[in-house]
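As structure tokens, the structure follows; a few thoughts come after it.
Order as written gives the chain letters A, B, C and D; numbering starts at 1 within each chain.
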Amino acid sequence: MNTGIPIQYFLILATIMFFTGVYGFLTRRNLITILMSVELILNSVNINFLAFNRYLYPNKLEGMFFSLFVIAVAAAEVAVAIAIIINIYRRFTTINVEDVNEMKF
Amino acid sequence: MDILTLFVVIPVLTITGILFLKDTRHVRLVSAFGMGLQLLLAAVLVFLYLSARHAGNTAEMLFIKDYLWFKSLNIHYAVGVDGISVAMIALTSLVLFAGIFASWEIEYLRKEFFISLILLSSGVFGFFISIDLFTMFLFYELAVIPMYLLIGIWGTGPKEYSAMKLTLMLMGGSALLLVGLLGIYFNSSPDGNLLTFNILEISKVVIPLPAQRLFFPLTFVGFGVLGALFPFHTWSPDGHASAPTAVSMLHAGVLMKLGGYGAFRVAIFLMPEAASELSWIFIILTSISVIYGAFGAIAQKDLKYINAYSSVSHCGLVLFAVLMMNKTAMDGAILQMISHGLITALFFALIGMLYGRTHTRMINEMGGLMKVIPFLSVCYVIAGLASLGLPGLSGFVAEMTIFVGAFQHPELFYRIVTILAVSSIVITAVYILRVVAILLLGPTTNEHFDHLTDAKWFEKISVVTLIGSVAAIGLAPFWLSTMIGTSLQPIVDRIIALNPF
Amino acid sequence: MASNQIMFILFAAMIIVFSVLTVTSRKILRAAVYLLFVLVSTSGLYFMLNYQFLAAVQLTLYAGGIVVLIIFSILLTSHISQKFESSGWKKNVFSAIAAITGAILSIITILDYKFSATTEAAKEVDMRLIGKSLLSVDYDGYVLPFEVISVLLLATMVAAIVIAKKSGPAKTQSPTLNQE
Amino acid sequence: MINFSYTIWILLLPFLMFLLLGLAGHKYFPKLSGLIGTGGLAVITVLSYITAFKYFFTSEKVEGAYQKITAFNITWLQLTDKLHIDLGVLLDPISVMMLVMITTVSLMVHIYSLGYMKGEKGFERFFAFLSLFSFSMLGLVLATNIFQMYIFWELVGVSSFLLIGFYYQKPSAVRASKKAFIVTRFADLGFLIGILILSFNTRTFDFITLTDPAGAAIAQGGGIAFMGLSVMTWSMIFVFMGGVGKSAMFPFHIWLPDAMEGPTPVSALIHAATMVVAGVYLVARMFPIYAFSAPAALDVVAYVGAFSSLFAAVIACTQTDIKRVLAYSTMSQIGYMMLALGVSGYGGHAGLGYMASMFHLFTHAMFKALLFLGAGAIIHAVHTNYMTEMGGLRKYLPITHMTFLIACLTIAGIPPLSGFFSKDEILAAAFHNNKLLFAVEYAVAGLTAFYMFRLYFSIFWGKDTHYHHTPHEAPATMTIPLIVLAIGSVFTGLIPFNELVTSDGKVFETELELIVAIPSVLIGLLGIGIAFVMYRKESEIPDKLAATFKYGYKWAYNKFYMDELYLFVTNKIIFRYISEPVAWFDRHIVDGTMNAIASVTQNVSFRIRGFQSGQLQKYAFVFVTGAIMLAILFIYLWK
């Protein structure tokens, strides 16, 4: 099913996605959108895992399981992150990351 | 469990006891009980020590116990005492006992205060019983660090500044010290055996001279910072001025002695050749401390500053005497540590009590207190007289031993410097009498003072304990002097063997 | 051009476009929807790579669960139509430079590297195999991570409840009000 | 050999009394303290008399010389192998003589104080301090070694401090006590340095070893020279400095007149009879060393003594505070004693000065204590210190008047009173050794007679002053000591000092040297005569004279501005130009350096902490760029 598509395509796609996520992480101010950027990054990594697994070690399952766990952890992470965000919102009435800078000095 | 370890264990148990107390009113009772026990234990130790010596035990250190606790660096928990440490332990428990009573009326965070105070004391006790350099250093740090909290939280005036300054300067000293100690460690066996931190074992070998030249100044200055060596003494006035009463007492009375004791037991004992070679530099610095501290005290207006500068002067005398490196002067140095420890603790206790009543420490705001609070005033006069070296009180014994000892130095330079140091007794008299005259004598200047109350029972316990000890040493110094002298003999023998004058 | 190539290009284009839109969109709810598209397209890629199970998980967990969670929280904390003021251009430019540099660097590395094609036969990834591997205690079994993940999820649930719980009477502010 | 070990009780008793009165007196028996103190001292006095009797008349002499007996000795502090501080009791002629003198005067003063201090606040404290003083003074004279002497020397100083400042609410008293302590302390510094040098060279503190004329200490001492004088000379000059301070010789005399702020009995006991002669005693104690090893130092003693006596006598002529006149007179008389020691030699008739000095010390104690106690009685009666506010008191105070007159005649050296004999010996000793010093002393003898009778006439004769309350004679507790001391003043001159207290312990012959005695009596009478003319009745002469010698009078009246000089040195130089700069230096330079180090560190960290902004995205940006940089570095540049 994937004949004719070199592995590099997947990797390049994942790279672009990853750095888009990084860009979002660096520029967005809203904590939730930052969280979404993190999701992008995680997804790009998953793509890489699966591509490597399929192209280089097709008889093994590590890549796939790793992705599976990544998705599970991502779900947990989002749950906790959103709880934290809501809490921050209650406390500071904002979820702008630049206003949440108590952890300095 | 051996008796020496008990000195560390009892404070820890007391702290545990305090931690589990619900009612903060009982904290001071528990502390007083614990430290009373400690005092008792110190008395027992003195007794055991003397009887062991009497029975003919001539080992350099007694009650030695040794447990390996860090194998790869050969660090031991090694304890042992000779007459000098026994005397210092007795001093510490006395001052601590008096200090507990002097801080009887601490209200704010009482539990935490006593915990920090006792923690500090366990560090001091640990320092005096250790004969392993690393363990010693560990206890040393343990003694220094609670000081920050004690001054920073319970102090007065610019307390954060003072606490920070004190801690930073002492830590700076510790840094030098650590390098010095490691230097000793890595040179502790020139013939390739296992490196060791044990003082007794190191004293059996001769550290190579180049290494001594490098590490002696580091170690001496490292301890000297705590012993208020000029020009590293400036933490002392600020620190003492800001610290609460009991902390000033312990700090000036005991903690500053750690410096003198360490300089003597580690720097000079282990590296005598470099010590005699470089002593002239430090002799000059310490004589400056002695004179300069005394002159500095004349111009001060705050009681605690006066006393802090006086401590600089007197502690300078300790280091001065240690550097003379003969038995009498060293004997005097130890006596001076004990004597000054008691006297200055007494001073700070009294200042704290006066401050609690008049709410000022500025001498020009006080006057004529003798009429209103005779007990405290008389005690203050006694403390003053002891400090200026009145015979019959401990200061005289210590200072005279130092002066006579220092004057036996064969080189003229040292004798002339001694004469300079001797002249500090006049300056001391000037500032002590100035304070006494302004503060206590004359007519009462402030009508608010007419209603002051004299000492309460716990204050009396505190003060009388200290005055009793000062007078006891002053009237009958020979047993203490002999106890110290006997223990000094091996040390002096080693120094003389390596430095034929 | 084979159909799978077209499919790939389609998915890739969608992923890239919607990724970029996700991180640049001014409206937060739209950003969330774009993210949804990205995730769905990703799952399409998984199908192409013949990992149907994972694709299904991606769709249900990510697209179904996480995005919904995100949208809920958006609704709790923001006005739906709220626009952000854009970040300072400096920040954008520097971040873009960093991201593009990184991307180029990575891509060059990827293109430089000679991947050795394998000759091994592909293993068919069916549900039975996945289930057995997950619960197997053998050398290539995954029961330990599986258990760990389950504990993690439990902890997460507890944590989420604890953190999000109102901590005291003083903090009784209506979330959607007081927005500046 | 007679057992003298009981003499330790002479030391212990007053100490125990001090503790008893000091610790418990205030609470339990404030009224009884005086009686307890006096009773205790009476016991000590009796013990001293017994000791003196046994020592002088029953102890064995070796080769006709009194021996030095160490009656008691314990090692108090072992300093080095050879040096150790002992506490003990040394009996020899001078210490026994001092013992008798001190206890006698002290007992009289105690009895007198029972009346004088009655009803004062701090009655028990007064007696506690007196006991402390007795203890320290007795310890000083009985010292077996120079360090014990130094110990008690300091204790004497502090008891003097406490007693001068007895009225601690009076600022002038506080100032005076402080001044006394610090000035003597400065002098003691010299004493201590002297002891250090001496002990370094001789390796002993012990008096018997030190002063043995045939001993090693004296034999080896003179050798090493330092700045032209031998080390021994230097050390003895330093030791003498201690004596100068304690005995209020020039230039350390300034504390003595101010010390008169203390209660009058204290002035009588400490600042007239006993403590101030400690310096003389010290020189006498070390005399063999002075005589054999440090003759230059002995010259210093003589000249300091002579100058002080003249200096003080001149000032005494102008003062109007009667206690101050007496204080300067004391200083002048002690100058005599110093001079006598200074011109003396060792052994036989050469030691005439030594004997005369001790003799004068003894008689002086009697008549000067009498003068002070008399002055106390006068002040008690009229409540003023100034003779300008007195006059015609002979009618009101007959007993005081008679005893005071006796004392004045004694000090003026009128035969056959005791002062005549002792002063005559001194003048004779000076006459044989140094004519210049003799001339000075001769003039001082005249001045002494003049100012004493100026005092006497101004108080008891002169103008009839009107008093608020009619002055009345003091109670018996005060007059009895006056009478006893007056008897002492009259008859102590008959004690054969040449047989008892001599430099080498042996008897030597003295005779009245008429060539010295007659002129000295004459000049004494001349002084009295002038005083009689000027002050017997109210007259213009004193004022005219003062106007004639305007500047001289002004200088003398202001004590030659010595106080101002000292104030200048202490206030300006020590306080303003040393202490304050030191304090400033400490705060700003030394501490400033430390603070500078701290603030530099702090500033740097303030700069650095900008990185730690709390902005999550900045951290992330740094992290990402850092990672990219590292990647570039490791992939392309490192290779």
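Assorted remarks:
Going forward, contacts are C-beta pairs under 8 Å (C-beta built on N, C-alpha and C of every residue); 3 or more make two chains touch, one makes a residue touch a chain.
All of these numbers come straight from a predicted model, not from anything done at the bench.
Compared with subunit B, the chain whose C-alpha mean position is the greatest distance off is C.
Looking at which two chains touch through the most C-beta pairs, you get A-C.
If you average the Cα atoms of subunit B and of subunit D, the two centres end up 36 Å apart.
Centroids built from CA atoms put subunit C at 5 Å from subunit A. The geometric centre of subunit A is 95 Å away from that of subunit D, both derived from CA atoms.
Computed from the mean C-alpha positions, the centre of subunit B lies at a distance of 66 Å from the centre of subunit C. Shared contact sites, meaning residues of subunit D that touch two or more other chains, fall at 617, 621, 624.
Across the assembly, subunit B contributes no residue in contact with two or more other chains. In subunit C, the positions touching at least two other chains are 91, 95, 98-99, 102. Chain contacts in this assembly follow no simple pattern; the graph is neither a line, a ring, a star nor complete. Contacts between chains, counted with the stated touch criterion, involve the pairs A-C, A-D, B-D, C-D.
Remark: subunit B residues 165, 168-169, 230-231, 233-235, 237-238, 292, 295-296, 298-300, 326-328, 331, 368, 370-371, 385, 388-392, 396-397, 400-401, 403-405, 407-408, 415, 418-419, 422-423, 425-426, 429-430, 433-434, 437, 440-444, 477-478, 481-482, 485 touch subunit D in the complex. Residues of subunit D that touch subunit C in their complex: 617, 621, 624-625, 627-628, 631-632, 635.
Subunit D contributes residues 609, 612-617, 620-621, 624 to its touches with subunit A in the complex. Residues of subunit A that touch subunit C in their complex: 1-5, 7-13, 15-24, 26-30, 32-33, 35-37, 39-40, 43, 46-47, 50-51, 54-61, 64-65, 67-69, 71-80, 82-87, 89-91, 93-95. Of all residues in subunit A, those touching subunit D in their complex are 22, 25-27, 34, 97-98, 100-105.
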